[in-house]
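So, here come the structures, one by one.
Consider the two complexes below, in which subunit A is the common component and subunit B and subunit C are the respective partners.
And now, the complex of A and B:
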C-alpha cells in the first residue's frame, strides 16, 4: 500500500507540473482558445472511433474465436488465413489500401467508416486469438461436468466457459483495447480528423510542435491510464 | 434400470469396449473394478452419452441414450455423475456451484434452487461452507461438493468415476462415508473404483473389466472374496497385497 501511494503521488506531481507548464506555455504561445477547442474535438473523435472499433472488433472476435475452436480443419484454414493477413500487414498499409479501393470501386463511404472498418477488422483478428485461448483455458473435464449436470451446449458456454475464460484472458483483452486507442492515430493518414490529425494541422498553423505533441501525449495517457487502472481493479475482483 | 447391450466403443483404431452387456436395477449398487485402460471409465461416459458408441445400445428407463432423436440434456438430468478430478466451478461459491444447474437446467427459482442446494450440502457435511470458493477447500471437500452438486439435480442414478483416486489418502474416508450414506438411502449407483474393500462392503454386484470385456460378474462374495477367473485372481492379488 505504501509503495502505491508513493506511485500515485509521483503521478499527481508530474500531472500538476505538466498542466502548469502547459498553461504557462500555451499563454506564451500563439495558440488560441479556439485551437484548444479544435484539439478537444479531435480527442472526441479518437475516443469515438476507438470505442466503435473495439466494440465491433470484440463482437466479431468472439464469433471468430468460437468458430476457431468449433469448426473443422477446412473452415479453420480459411478463417486463420484471413486473420493472419489482418494481423501481419501493418495497419497503416491496410488503411491506405482499403481507402484507395473504396475510391477505385467508387463506393460512397465516410472516412470515419473506412477507418472504423479497418480498425475493427484489425482488432477482431487479435481478439480472436484471445478468445480462442480463453475457451481453451477451460479444462475439458470441467465442461464435461457441466454437461453431465444437464446443461446444454450454450448453457455450458454462458455459465462456465465464458466467465472462466474471461478471467483467464481479461488482461490480454485490455492490452488490445489500449493498443487500439493508440493505433487509432494511424487513421489520420486517410484524413480523419482525430487527435493526431488535428494536432498536425495546429502544428502547421502555429509552429508549436513540441508543446502540442506533449499535450496530446498527455491526452492519450489520460484516456488510457484510467482504463488500465480500472482493469487492474476488475481483475482483482474477478480473481478467485 | 440401466441396461447396456453389446456396447462397442473405439477411439480411432483402438477398441476400448468390446461388447459390454450389463444391467443395473433400481436401488442396486454396482462396482466396476479392473486395471487402467480396461475401459471401465469409458463405459461410464457412454452411459450418459458424454462419449458416443459405435455399436450396441445403452437404455436408461426404456430410453435409448444414443438415439439422435432424444434430448440428451433431459436424460442427463436423471443421471448424476462425479468425476475423478472434482471439477468444481472455481468462479462460483460452494452454494452457487450446487444451485446453478437446478436453477438453469430445471428452471427452479433462485431461492428454491438454493434451498435444495443447501439441503444436499448439509447432507455431505458442507453446511458451514456455503459462501466459500472451492479453491479454498481440500480435495475431499471439493469432491463432496461435486457429489452434492450432482445430487441437487435429484437424479435417479449416480455414476462415480474413480472419485477417490486423486485424493490424499487421509481424505478418502470422508468421501467414501458420503457414498455409504447414499447407499443406505437406496440410491442406484455405478462406482468405478480402486477401493476393493469398499466395493466389497457396499456393492450388490461387482464387474471385473479386462481389456474392454467383462471378465467376471457377480456378487462381491464371489468376484472379490472368491474369484473364479484366473485374471480376476491375478488382478486382486496385485491390488490387495
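And now, the complex of A and C:
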C-alpha cells in the first residue's frame, strides 16, 4: 500500500513539474495569446469534422451493413468492392482525388464538406463490417423465435437484433470512432484548418516546433485515451 | 446536369509511369521494413506491458498508448520537426521510417498481447518443467502458436503500414504519394495522376492480402 502511495506521489510531482515547465516555456516562447486561441479553434474544428463524419458515416454504415446481410450475391459483390476501395486507398489520396474531381465538375463545395464527405465514406466502410458482424452475431434461432411470436421484420430488427448486436460490436465501433478522430488530421492536406494544420502554420510562424507538437500531441491524447480506456473496460465487461 | 468541360490527359501520366513505379517500390520498401523492425520492438513491448517489473512496464505502456492514441501524421511530424528541436535533423525518409516503426510497434504489441493471452500460462510452465530453457519454450512452444493467432491481424497491420507511408508526402518524402504530387505539379493533371496512384495503392494492398493468404496456406498447411 505504502509503495503505491509513494508511486502516485512521484507521478503527481512529475505532473506538476511538467505543467510548471509548460507554463514557463510557453511564456518564454514567441507564442502569443492569439496563437493559443488559434490553436483552440483548430481543436474545435477537429472535433466538429470528426463528429459530423462519425454521425454520417455510422448512419450509412448501418444501411450498408443491413444491405450486406440482406442482399443477394450480386449486390453484395458491388457493395463490397466499393467499400473495399475506400479501405485500400490512402485517405490522403481519396481526399485529393475527390477535391480535384469536384474541381473538374466545377461544383462549388467547401473544404469542410469535401473532408466530411470523404471521412464519412471512409467511416461507413468500416462501420459496415462492424454492423454486419453485429447482425450475424445474433443467433438465427432467436430471430426466428421473434418472428414466430408475431413480430414483423422491422420489429425483429428494432427489438431483437439491434440491442443484442449492439452489445457485441459496440467496442469495435468505439475503436472506429477513435481512428476517425485521428484520421481527421489528414483533412489538413486539402487545407482545412484543423488542429494539426493550425499547428503547422504556427510552427512556420513562431518556430516553436517541439512545444507546439507536444501540446497538440497532448490534445489528441486527451481526446483519444479516455475513450480507448472506456472501450477496453466495456470489452472486458461484455466478455464475461 | 453539369457542364463537363474537361479532357482527361492520360498520356501525361503514362510518360512518367516508370517513375511512379519506382516510387511505389519505395513505398513497399518503407512499409515492409517498418513492419519487420516494428514487430521486433512489439515482441518486447508486449512482454514488457505484462511484466511485473515497473522498469519495463511503464515505458512499454507509455510507448503503446502514445502510438495508439495520437495520429500517425502527428508521429511523423514529431520525428521530422520535433527531433529537429534537439538538433537531430533526419531526412524525410528516415523520419517517416522511425515514425512508422514507432506506430507499428505500438499496434503490433497489442495484437501480440492478445496472442500471448490466448496461450494458457501452464504451457510455459510445463515446457519449462520438461527441461526447456525459457528461450526454447518460447521458440518451440509459445511463439508458433501465437504466430497463428496474430497472423491475420498482422496482415491488416501490414496494409495499414502501406497506407500510412502515404503520409510521408507531408514531410516531403518521395514515396508514391509524394512522387505523384511532384509529378502532377508539373502539368496540373491532379486528378489523372492521383487516380493512377489510387489504383496502384489498391493493387499493392490487394496483392499483399493475396500473398498473405497464399503464405498462410503454405505455412499453416491450410488449417488456419
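Assume the second predicted complex is superposed on the first by the 207 of 240 C-alpha atoms of A that agree within 3 Å, B and C clash if a C-alpha of one lies under 4 Å from a C-alpha of the other, contacts with A are read in each partner's own complex, and residues count from 1 in each chain.
By definition in this document, contacts are C-beta pairs under 8 Å (C-beta built on N, C-alpha and C of every residue); 3 or more make two chains touch, one makes a residue touch a chain.
All values reported here derive from a predicted model rather than from experimental measurement.
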Touching partner for A:204 - first (subunit B), second (subunit C), both, neither: neither
Which one hits more subunit A residues, subunit B or subunit C? C
Touched partner set for A:100, first subunit B, second subunit C, both or neither: second
Which of subunit B and subunit C A:216 touches, first, second, both or neither: second
Touching A:90, do we find subunit B (first), subunit C (second), both, or neither? second
Given the touch rule stated above, what does A:189 touch, subunit B (first), subunit C (second), both, or neither? second
Just checking: does A:149 make contact with subunit B only, subunit C only, both, or neither of them? Give me first, second, both or neither. first
Provide the residue numbers of subunit A that touch subunit B in the complex, in ascending order. 139, 141-142, 144-152, 155, 159-160, 163-164, 167, 238, 240
In their shared complex, at which residues does subunit B touch subunit A? 48, 50, 73-74, 76-77, 79-81, 83, 85, 87, 89-91, 100-101, 104-106, 133, 135, 146, 149-150, 153
Seen from subunit A, its contact residues with subunit C in the complex are 85, 88-94, 96-97, 100-101, 103-107, 178, 182-183, 185-186, 188-189, 196, 199-200, 203, 209-210, 213-214, 216-217, 220-221, 224-225, 228
Under the touch definition given earlier, write down the residues of subunit C that touch subunit A in their complex. 2-6, 65-66, 68-74, 77-78, 81-82, 84-86, 159, 163-164, 166-167, 169-170, 177, 190-191, 194-195, 197-198, 201-202, 205-206
